[in-house]
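What follows are several structures.
In the two assemblies presented below, chain A is common to both, partnered first by chain B and then by chain C.
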Partner chain A sequence: MAVHDMSASTAQTTFPVSALARRGGLKAGERRIGWLFLLPAVAAFVLVIAVPFLRALGYAFTRYDLQTPEPVFIGLGNFRALAASPEVLGSFVTTLLYVVLATGFTVILGLAWAIVLNQTFRGRAALRAMSLLPWVLPSTVCAFVWGWIFNSRFGLLNAVLLDLGLIPFPTAWLSTTSGAMSAIVVTKVWLSIPLYMSFFLAGLQGLDREQIDAARVDGAGNLAILRDHVLPHLRPVLLVVVVLGVIGNLQQFDTIFALTGGGPVRATTVLSIEVYRRAFDQWDVGMAAAIGLLWVATILPAAYLYLRHLLKGV
Partner chain B sequence: MAKISRRTFGALGLGAATAALSGRGAFAQSGGASFMSFTFAEEPNKPFIDKLIADFKASSGIAVEPIGTAWGDAQKNIVLRQRSKTLPDTAQLQDRWVPAMATLPEIVDLTPVLGAATLGAIDPGASSLGKVDGKQVAIPLISGSVGFVANKEVLAKAGVEKLPVTLDEFRAALVAVRDKVPNSVPYTMATKNPGAVPLDALLIFWAHNARMIDESGKVLVNSPEGRAAMAFMAGLMKDRLIAPEFDRPDSRRLFGQGGSAFYVDAPQARTFARNFSGRGEAMDVNVIPMKTPILKAGDTPKSVEWGHTVAMFKNANAIGPDTPASKWMKYLLSDAVQTTLPLALGGLPVTTAGRNAPVVANDAYLKAWGATVVQAMKHEVGVWSNGPELSSILTEEIQACILGQKTADAATASMQTRMEASMAKRG
Partner chain C sequence: MLDLSAPLARGIFLLVLAVIGLFLFFPIYWLAISALKGNAELYRIDPTFYPHALSWEHFATAFGRGKLLLHLQNSLVVSGSAAALNTALAMYAGYSFAKFRFAGRRPVMLMLLSAQVFPFGLLLISLYPIMSSLGLLDTRPGLVIASIVFALPVSTYMLYSYFSQVPDELIEAARADGAGELRIFHTIVLPVSIPALVTVFLYGFMWSWNDLLYAMTLIVSEDKRTVGPGLLLSYLNETNADWGGAMAASLVASLPVVVAFAILQRWFIQGVTAGAVK
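Then we have the complex of A and B:
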């Protein structure tokens, strides 16, 4: 048998081959084509993400502001200054508060709205379509709409409250610490509910109706069904939604900047606003890069969880 | 369909890339100059810049490419262009940005480029708007001062017949407006943006005989006078005589629409009032320049030196006395421009000849504005190269004070500490 195989192999090597055949055969050709297709994406990644990120990483260890037009290496100087800065530490707390509130409320309201839209009723399709409206609108447009609602002089909220006699004169909602934070959270929640709702609604499609009916026959109430059937069924979706929400809210910039600009004082200065102010208001690129580096570090755990779930499904 | 070989495809790609790269700077190489301008981006003022460029082309044959940028983004755009090596040939700068922009290595010393004769035509006072450490890094375009403006119509509604002279009279006028003009903000003080807040704050500090930073760079905010100024602002907010969330454009709009009796601006106030009132020149009678209120009789009312300047930057184009950019800058100082553009924009000419021209000397509004300028002082925050950081600190602490998050004393002390740290870092 071995002899036969060897002779067959010898016969194969002596088989006449076309002059156009490439070295390495078809597989190698496929690999080369694969690399060719990959090349634009790799080039874009390197140019748009890797190079700027590595440069920013380098700037974090330099003094690079208007007084020093060329970066000067200062080691951990920026990080020492950050550790001693109550303003920057305050930005971390503000970011944490914003992420927890925005993600938490969006998950709760998105899930509730998905459950409502999962019921059978007249006009459900139209309501589902209309629910996507905030998601379709550009985020800055949404921010300006909400900015107008909260405006201290011409705002809708003040007009309604004044009409109802609940406040004696217009209130500057965006000028109080809690009011400004509430405004940016409400705006982000309103913007994000459609996306979260879509995830949950897709997850609910796979829920076994008969299982729910059986639970009801056994006397389970709405809360018990939610706790024992719906939430366990949605666990994988919930994990993805929460992780994506945390990452998205950690990166949030446009709605906050358009609504409050990080103020009043520093009440809504999350890390993205802090980096922007340092880099483009104060021209302290070194310090902005250092804050940016710490900001990336806060996003990494959430990104790791998401990628692990995506790749391994756990 | 004809087949394209790999070599042909590569050659086409290379050709396209070369064409794209060579397109950059093609405008300047064709004999023109670029001009970044925030006035060009202001809708009411855009026609004046359009005309300026058209007239220059008619007289010299040189095309100028205007690049509009919002006032608040102008510095950002210049620094970003500097980092990406795409600086314009010339750019309009607010006078208080000049020290910060002068740190850019690409800014051009204008004395050898424009020559002593051209620069000698500028009024010495106006000339200082574009000087840093004795070097002329920008030419002034229009000049003036920043001070208080009163709306005569609103004051009449409130029963205020005489412009306030002291801070007590000013406060009393504000109370009258609040009580008698519904939905008004008596004094639309800038309370939101670090680009605008320092001007109002400076005037109020000076009115209390306080200083922020002296000529040597020493921070002086935390003085009894400084704390009194902060307490004054906090009191205005507490009594609803000023309002939060106001930026300069908001103030101009509300003033023009009759919702505000006082605000702080340059002589351009008249142009903005004409536009925002929708009444054009008929609104002029209501725009009254006024001296900054003083603490007590005998004090000197102070205003802030103000002006627009134009700087030149090194880029791929040549620098010299006869380049399109140099000719453009010389044209900006010509009598033809200086007797028209400053008036249109509501400012004073910057050349001696322009200031002496009858059309300028006989302008009643500018004459009245000039009478309010008893002592014009340098912007004590903006003159430093770390001015943007100082402005942010000032704005944050004033907001904390007027919104009740800190007492006047605590906010002033914190402002002092943070400003000192910024000045120390500046070196």
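Then we have the complex of A and C:
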């Protein structure tokens, strides 16, 4: 006993490992405890992400609608119907347009705003803090804010454009194809600038001041500094922001649904709206799942880049 | 960084500042003053740019009409629970990834982070029947559980980044004293991680508070509805919309998250951008 006690206490002092780890060696203990800590999150992941995804995957190959209360396997039937549907093709084009416009404008404005807020001036801290506001507002509120501005009768936009003489009479923005698309893009750009700006600001922290000062001494102007030092430095952040933006915009539902509901007719029916309408308005779950799968396929390339970046050095 | 001593550079800088600043902040100002104008002043073709007469009538209708207070209360309960659940799940997983090396660690991490690949709308298609068969459809616990989808991957990564910076010596010392791993985590690591935990809690809270899609689909009873769909269903009606009421109710609904951010914004940004800038 005494010997055993002694060896145990020696082990404890020379190899500081936990009680669990001592049982079956360090490696086995680390594995056990590692998995124990992971278990809750993995269980949650299985319940709300993995299982639903696999079930949706299965639904995509079934007829499952109001007339067919239990899913019936129909192979690629849904995908054949999709390929023949100009409406679905239209949703893809609408989504592409939305994602490109929303991501593009947000990157440009977010970058410009970050560069402005990276400059030292009085009130900068307060301005930075306030800049987060649009991002934290509930999506319904964002939709209300811009719905009211774009309002056909009493909206601010019409009032200003009429006043400036840019339009001859009030326009019902949300009832026109391009007007509705502009409204959902503007809303998304507005609420995303804060997040993009934060990423760019974080990236600007690592900028080498001395290098810039040296370039200044060599006679470089503001544009040259931006082009030769700031933008190259921000390249990696830019990649992350674009990828995250594309993933987010491909997913965007709330503000579009609240602002236009996908209309007029189908002008703003992006994939998220399309899937929602099919599943929860028409109760055509099979078709909704099939479109949803193609939707995942569009997100995959961006997601791959993002994950690869996150897991660097893990 | 920029040299603004030249008048042209200064002018361009101020112009960009003014244009983007106006775009970001004027809509919020417009929201606030629209809520504070009386109906006579609100519905004008030539709008006034500040309320000529302050009126609280819209706040009265916002609280009187529908169930704004009840919806706010529901949102507080749902978002608070969702954020707590999300933080708990993410902190154990993040710690495991940060401090233990074991087979399967990288694949599981990849799997958890990849959750962002799955569109929320697609998952909802099958979450709906799953919640229904579990008897959780149209219940607040059901919505709380489903809300994990939004924030868990990023939260786990945020806490993983944070815990990675907790010095190993701290943990080794406790191990040498014979403390178990769970105890070490709870009594030594968590207390020094409160800023990160608060950030993650807030992140989960915000996602849940701001969500419309899941809240309006998984909850159907008016009495259990949360504030996002509550607002939409009370005011969305292009033909006879009550914009003043909508603006007042929006202000009230935004207040909790805005106040939380005003207090915690600095920590928050560091947490959210963690990992992206390396």
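FYI, the second predicted complex is superposed on the first by the 275 of 314 C-alpha atoms of A that agree within 3 Å, B and C clash if a C-alpha of one lies under 4 Å from a C-alpha of the other, contacts with A are read in each partner's own complex, and residues count from 1 in each chain.
The working rule: contacts are C-beta pairs under 8 Å (C-beta built on N, C-alpha and C of every residue); 3 or more make two chains touch, one makes a residue touch a chain.
Here the structure is a predicted model, which is why all the values come from computation and not from measurement.
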{"item": "Chain B or chain C, by number of chain A residues touched", "value": "C"}
{"item": "First, second, both or neither for A:A202, with chain B first and chain C second", "value": "second"}
{"item": "Which superposed partner A:N118 touches (first chain B, second chain C, both, neither)", "value": "second"}
{"item": "First (chain B), second (chain C), both or neither touched by A:F280", "value": "both"}
{"item": "First, second, both or neither for A:A44, with chain B first and chain C second", "value": "second"}
{"item": "First, second, both or neither for A:F53, with chain B first and chain C second", "value": "second"}
{"item": "Touched partner set for A:A224, first chain B, second chain C, both or neither", "value": "neither"}
{"item": "First (chain B), second (chain C), both or neither touched by A:E30", "value": "second"}
{"item": "Chain B versus chain C as contact partner of A:P69, first or second or both or neither", "value": "first"}
{"item": "Chain B and chain C footprints on chain A, overlapping residues", "value": "151, 153, 174, 280"}
{"item": "Residues of chain C that touch chain A when the two form their complex", "value": "1-4, 9, 13, 16-17, 20-21, 23-25, 27-28, 30-31, 34, 42-47, 88-90, 92-93, 95-97, 100-106, 108-130, 145-146, 148-149, 152, 156-157, 172-173, 175-176, 178-181, 184-185, 206, 209-213, 217, 227-229, 231-232, 235-236, 238, 243, 246-247, 250, 253-254, 257-258, 261-262, 265-266, 269-270, 272-273, 275-278"}
{"item": "Touching residues on chain A, where the partner in the complex is chain C", "value": "12-13, 16-21, 27, 30-31, 33-35, 37-42, 44-45, 47-49, 51-53, 55-56, 59, 109, 112-113, 115-116, 118-119, 127, 129-134, 136-141, 143-146, 148-149, 151, 153-154, 156, 159, 163, 170, 174, 190, 193-195, 198-199, 201-207, 209, 212, 216, 221-222, 225-226, 230, 236-237, 240-241, 244, 247, 250-251, 253-254, 257-258, 271-272, 275-276, 279-280, 285, 288-289, 292-293, 295-296, 299-300, 303, 306-307, 309-314"}
{"item": "In the complex with chain A, residue positions of chain B that touch it", "value": "76, 79, 100, 103-105, 183, 185, 192-194, 240, 243-245, 385-386, 388-389, 392, 396, 399-400, 403, 405, 426-427"}
{"item": "Complex contact set, residues of chain A against chain B", "value": "66-67, 69, 151-153, 169, 172, 174-177, 261, 263-266, 277, 280-284"}
